[in-house]
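Data first, discussion second: the structure below is written as structure tokens.
Chains here go by letter, A, B and C, matching the order in which they are written, and residues are numbered from 1 within each.
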């Protein structure tokens, strides 16, 4: 990495790589913050690089757009149809950040945004919470009475349904999650509905077919 | 940049001179021995290191000296009461055998020797090991996704058709949880006991019951149908909520009904919640 | 979406948008499957479009690359330093034990655990195999028909993807045995115990009598 002031076409390429690698839009300030102070381009330089990048994308499938939370490279709307065909068969996956957030809300509910950020060690983007709330997997279950009255999140009935869980209790316990062997066994059991039916404890005959049911607890 | 060089510097710090001098007089400062040992992947690695680093001279592998050094290292480790892996002792035995063969007069008829010459076997193993050791370094040097290479991503602003929403599997979810807990080193923390998730679920339900400023009596929240365990879970959930300052638990006088409500702006008087809070934080 | 056969620059843009929107690399077959049969370009057309796309990315921050499971667009290596500044988390560093194990599986597949242990001279910890399996770099490709039926391990397409490789052939070649001649000479010497001056084990200053030490390196 060159620490001297770089020429504008190099700056343009750096910005392009950042925008394509980032899952979220980037603000001008964020981009500038990545540069060492003595090599930091001016705001005007960066704006110019962004403009040059936008122009250079003429005739390509991507375009540079400024949205609410910053600059974003997105595919042009006329190709959305192709992309939806792609996603139809194989829906896109949620980001790691979203999954971790959901998992923390699930295991640590009721939990505030600050607590999630604390455990994950990074800021939590508003869009992740929004997706989880919209999906109706997560809801606000209360507020903590500290300055700012932060909302506390918990999971919903719909979350249990969509993940095919009877209740939160049937999730692997913390010690099981820690121990890989135990986790594998617990997941195995969760995926096997026959094992589930043994839990009701009504019929001994059922339990006999699940010999290791006890060893899992 | 290899680990061995890192060790060089680690030990040099202790002793104030470069490590490659050390094997010559075999002196390793006791506090550096552990660092030294951790750097090796096993007896082959240690042996290879002794051969490669000692004299910088491959033509003159002084098997006798190396053997001595190796065995003295082993001795040193035992003196220091390090738990020795069986592999190190096995190697020591192998070296001792080679050494004894060298020292003993050669048998007149060598052709009748049974089995493979242990020296040749050792050299073969060292060579093989070294090949894969450098192969692993080459592998590590390849550009890796997430390190040198990043996937370029862009999406359309909106997708017109009804596209199926992503549905992660439970497995993915739990592994994400595991990763984040491992990363935050929370598993090591004292709070990782067998924490009943039913309590956490119940906490959410109680908060919902108390939403909108409703007050409830302790007994209102207990569902008899849930049995004794259900009562315990409910009570634990209330304690947790009070501890986390999410609800206030009030009792105006001894034996009076216990009221619960969401914590609001006003200061709590005689709040049981505060007592619990101090009890927990103490 | 135009259902007629499109010209090649349009095909190139469609491919670009698909690659950018896809989570995984896309194979030629997968891309072709997204077209209605009567509007489907030929394989040759698609290959040509991919080539044109690759050429058009000259001098940009991204490149088109074929890896184990297909084609993907990725940022060029020289921008990695900038991009990693975006995230606080550093990419994981793997232990030598893990990398050596991976190298053995990679170059010697299918290989059993015992064979790995034999070459490395130490037992293989369960956690290393688990990490490799979890990371999906390695999988069980079969079992050896000997008592105990040990599992045989091989690498996956995901391994190729993550290491930026198209196939196993493009791996760096396995290093040759080092110093073959030198080792042979040393062995020769060993046949004659007299040549080894270190027998007594007391001889300091011996090294000084080896004048050609430097010339060998």
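In this section, a residue touches a chain if its C-beta (ideal position, glycine included) is under 8 Å from a C-beta of that chain, and two chains touch if they have at least 3 such contacts.
Keep in mind the model is a prediction, meaning the values are calculated, not measured.
Participant: Looking at CA centres, what chain is most distant from chain C?
Facilitator: A
Participant: Quick check on this structure: which chain has its C-alpha centroid closest to the centroid of all protein C-alpha atoms?
Facilitator: Answer by centroid distance: B.
Participant: Any idea how many Å lie between the Cα centroids of chain B and chain C?
Facilitator: 25
Participant: Let me have the rounded angstrom distance from the C-alpha centre of chain A over to the C-alpha centre of chain C, please.
Facilitator: 28
Participant: Pull out every residue in chain B that's touching 2 or more other chains.
Facilitator: Those would be 150-156, 183.
Participant: When you check chain C against every other chain, which residues touch at least two of them?
Facilitator: 17, 20-21, 62, 73, 75, 83, 89
Participant: What residues on chain A touch chain C, complex-wise?
Facilitator: Result: residues 1, 13-14, 16-18, 20-22, 26, 34, 59-62, 75-76, 79, 81-83, 85-87, 90, 92-93, 121-122, 180 of chain A touch chain C.
Participant: Going by the contact rule set out above, which residues of chain C touch chain B in the complex?
Facilitator: So the residues of chain C in touch with chain B come to 17, 19-21, 62, 72-75, 77, 80, 83-84, 89, 91, 94, 96-97, 99-100, 102-104, 106-107, 119-123, 134, 161-165, 171-172, 174-180, 182-183, 185-187, 189-190, 193, 196, 198-199, 201, 206-207, 210, 212-214, 216-217.
Participant: Which bits of chain B are touching chain A when the two form their complex?
Facilitator: 150-161, 163-168, 170-174, 176-181, 183-184, 186-187, 192-198, 200-201, 203-204, 207-208, 210-211, 241, 244-247, 262-265
Participant: Taking the touch rule as given, give the residues of chain B at its contact with chain C in the complex, in rising order.
Facilitator: Within the complex, chain B touches chain C at residues 3, 24, 41-45, 55-65, 68, 85, 87, 91, 102-103, 106, 119-120, 123, 125, 127-140, 142-156, 175, 183.
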